[in-house]
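Note that subunit A is present in both complexes that follow, paired respectively with subunit B and with subunit C.
Showing the complex of A and B:
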């Protein structure tokens, strides 16, 4: 087995047994689940924001719709919240189609601005809707009625549910990468005009990417609700939700399969641990660190952390062909 | 080697302490978690509450001679029920998000091993934070979150000391009936409220309570708090000319109403404001001279020298650099004191014993920092003695006028205005 294989296998095993390693500490167990949940959202964003290069800053719309759908089926129908996930995904795909058709015609930051506007509009509207609990928000089952409510004390079940969803999402993304749609999206990202001139139906494929991305972002929202059991306009549609997805994907590497996961692996623990260590003093330091990291990436690593690893094999090949002195491995 | 010798020294010191203080348990501390917004939109409210609670910790751990005359726990030397154990408050930042609130509560419970948790200011965060405490079987007390559904979840470990909308409504009703009995005209009452969650919910509760108490609401006007003109509403009021008027408003609209009423030269015999905008320092600063005699509510209003609120306020002012206790920080401090009292009576840091002690809480009005009638929890964990002070604007500041035993000034009516 090549060292690369061994490393990959090691990572897979580590991911699978993580809850056992964190077994004694509910906080670290939960941290694992939070990383995966964030990675689902960021990976979903990655489909349209990374692969297709359409930087949405309003993905909170879909996240919120997913979360609200889950809590609405509980509040108004008494169903287990997770039963609202398909509904949330369907509504999100619909919303993506409706706002995608006009806004995806906009290019660059105009598209980003339009997505922010839509998200803010939905946030304001949701805070005046009695059906959605108004500004006060809605809460899920206070105590689990059955296992279907997916309400657990331990974070381990969440960890594996989120892991399964993430694996599915990444598998799907990997498949798209190699399929015709993947090539189209990359072509559109490089130069939409060139892609069009070669006969790529850019508008249609961008819309497909947007709808697919919306569906999984909504799923992340529904999963969030089953875990936290509460949603209000700010925690569902707030701009910070959109920004976090974007920053995670960008940090790890937008448009790369594992980019968002790497970003989540760094930012979520950073946020949680810095809040645990410094938050009690009340300086809001977490967000200072957050902002500083965004600035550093934008300046030095515009294509994300994974771009560091991408460059390495090339260098190694060169090193191998050259005579190596004192190379200790 | 170093370790051993250090341990020996500590052991020696501990032994000496045993001989000197008579109890090894005096070394113990009781940890209480506090989850508050220390960053984000509500950070200032969180910071003030934090300072107020730290004053409370200091009084219990180190004593205060004057407070000790009224409050048994203020003698100093920690909690007598736990052989003088000192209290340690561990603060965590909820960052204004329900997720962070829940994550931090989990950390306080499982990592810091706190005996109980207090928090979390915003109702939505109290909801998620208390859900995790419930799962772990740790008492959770909210001193300030007012959302009605918090106590409707069937939780066994949840307690709330603050009054909620129905308590405010009852206070207004009782106050108005008292005025009626004193011979003032209160035949028609108008409600004017902003049209989001806050205004709608408080207005509907007031309407319900007044209906039961036989006070007739003759006008119910809702408006948008973002309005730039409230002349139509004031003209409507002027036309019907109600005897009493109740405002449920935010800040900029409160200022607008005060100005417009002066411009159109109309005022009712009694004008009441429901906290919020009319208590905002920026309202008080700019409009005080136009609303002389305005009746308001607040959980906190100073108090007479020598009383619990007065003494705590003096201590707080030293810590905060001059700022007085306010509606939020006073309620936060009271929540902490209730928890400390319960842990003391439980005589243990066992969560179940603390919960039982909380359930048996029976604190009297003279022990209260805010204007409650006391603290006593019902089956749902709601403080049944929570009530509001009614205050009145007098020359630029609000003075407590009702209930009579906690009033620092007489009621002066009719409403003077400008």
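Showing the complex of A and C:
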């Protein structure tokens, strides 16, 4: 076996036995599950934001719809929350179509702005809706009625559920990478005009990527609800939810299979530990550092951390060091 | 039109002028170099803290804080341009969002660390008492903010469209290489755009602080209003931002009066989504 193979095998084993290593420590057990959940959201975002290059800053819409669907089927129908996941995914795909059809025709930033605005609209609407519990939000089952409620004290079951979903999502993404759609998306990202001139119906494939991404983000939202058992407008639809998905994917490497996971592995522990260790004004200082790290990465490693491990091109692109560039696209 | 309705429209217009002012910096940068500054709201927030600090430390009103905030935020804009934006604007769009968002976090929590999380408000009477004119009640602080907002936004529009320096800036935004061949220094023009946008944003912040609470996270709320105003008005158009700001201000106060305060944001966002669907490039944008 090559060293590379051994390393890969080691990582797989480590991921599988992590909850055993974390042992009884509730902090580290929880941390593992949280990293995986964040990685699901960021990997879902990556399909449209990374592969298709359409930067959504409003994915909280889908996350929130997923979480609220789960809690609504419990509150109003008495079903296990996870039964709301398919509903949330279906609604999210519908919303993605409604936002995507007009805005994906336009150049980059419009789509970003539109996604922010729609997320805000939904957040404000949800806080005025009694059906959704208004500004107070809604809670899932206080005590598990059956195992179907997916309500556990230990974080270990969540860890393995999230791991299974993440593996499925990454497998699907990997498959798309090699399929026709993957080639089309890369072509569109490189130059939409060139892709169109070669007969790729760019709008349709961007929309497909957006809808697929929306569905899995909604699933992440439903899973979040099963673990936390509570959702309110801010934790479901807040702009920080959207931004975190984007930042994690971009930090690791957007448009790369493992980029979002790498980003989640760095940012989630950083945030959790600073929350528990510092708190108060100290937490402010942590976010100052967090912001500075993000700025430095954007400035010096615009393609994310994983680009460090790529083989470098033999010659740096001269045009990049020219004093002036025009429009970015 | 009944007097109350007129009152509501006038307050809406004054609010809208301020919206236009703090959105104009965002749209100027977007139009000039196709960069969306996600730290824009936090620039406004720092302008607001400038006013708070000048009042608490020196007892100065907006006459002192508006120019100081303009200079400070303009400097911040130029520094951000040279240290960060100049480099990331050539990269992928995601790196731009990441870079300016990192800057936003940095500024927001630096303010949190320095000033604490408490909401600060300036005294109501700082800009003079409210008065009644032709049956309409004006609050001093809002009147000042609205009038200055309208003036500065129009001035920015005039600078961009009617002056030589504005033509040079537009030339750089059209085609930087061609502009360079005509003897224009693109970096200088872009830095100037950041200075102008920063000044407008600082003025807006110092004025908003006279009637709105100041906190480290207030920029997030304001940035969303600015994003909506700018997309509504259209890509890079200062005049578009002005019209959109006024429309949003009036729609907000009318819907708060006619339907209820809770729904004012809903109506604005619904309006925005409708514009998006039927005229996605915004009121005055080019597709």
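We adopt the following convention: the second predicted complex is superposed on the first by the 306 of 329 C-alpha atoms of A that agree within 3 Å, B and C clash if a C-alpha of one lies under 4 Å from a C-alpha of the other, contacts with A are read in each partner's own complex, and residues count from 1 in each chain.
By definition in this document, contacts are C-beta pairs under 8 Å (C-beta built on N, C-alpha and C of every residue); 3 or more make two chains touch, one makes a residue touch a chain.
Since the structure is predicted, the reported quantities are computational estimates derived from the model, not experimental observations.
J.: Quick check on the superposed pair: does A:128 touch subunit B, subunit C, both, or neither? Answer first, second, both or neither.
T.: Both partners, subunit B and subunit C.
J.: For A:118, decide between first (touching subunit B), second (touching subunit C), both and neither.
T.: Once the two structures are laid over each other on A, A:118 reaches subunit C alone.
J.: By the touch definition at the top of the document, which applies to A:297: first (subunit B), second (subunit C), both, or neither?
T.: Touch partner of A:297: subunit C, not subunit B.
J.: Once the structures are superposed on A, label A:27 by its partner contacts, choosing first (subunit B), second (subunit C), both or neither.
T.: After superposing on A, A:27 lies in contact with subunit B but is clear of subunit C.
J.: Of the two partners subunit B and subunit C, which one touches more residues belonging to subunit A?
T.: When the residues of subunit A touched by each partner are counted, C comes out ahead.
J.: Taking the superposition as given, does A:287 touch the first partner, subunit B, the second, subunit C, both, or neither?
T.: both
J.: If you stack the two complexes on chain A, which partner ends up touching A:276: first (subunit B), second (subunit C), both, or neither?
T.: In the superposition, A:276 contacts subunit B only.
J.: Taking the superposition on A as described, I'd like to know which of subunit B and subunit C A:4 touches: first, second, both or neither.
T.: In the superposition, A:4 contacts neither subunit B nor subunit C.
J.: In the superposed view, which residues of subunit A touch subunit B and also subunit C?
T.: 128, 281, 284, 286-287
J.: Spell out the part of subunit A that touches subunit C in their complex, as residue ranges.
T.: Within the complex, subunit A contacts subunit C at residues 49-50, 53, 55, 57, 102-103, 105-106, 108-110, 112-114, 116-118, 120-121, 124-125, 128, 239, 243, 246-247, 250-251, 254, 281, 284-288, 290-299, 302-303, 320, 323-329.
J.: Okay, in this complex, where on subunit B does subunit A touch?
T.: Answer in residue numbers: 38-40, 43, 46-47, 50, 90-93, 95-100, 102-104, 106-107, 110-111, 123-124, 127-128, 131, 134-136, 147, 149, 153-155, 196-198.
J.: Flag every residue of subunit C that touches subunit A in the complex, lowest number first.
T.: Those in contact with subunit A are residues 30, 33-36, 84, 87-99, 101-110, 112-113, 116, 175-177, 180, 186-187, 216, 220, 224, 227-228, 230-231, 235, 262-263, 265-266, 269-270, 272-273, 276-277, 280-281, 287.
J.: Which residues of subunit A touch subunit B in their complex?
T.: 25-27, 30, 34, 127-128, 134-137, 139, 142-143, 153, 224, 228-232, 234-235, 272, 275-276, 279-284, 286-287
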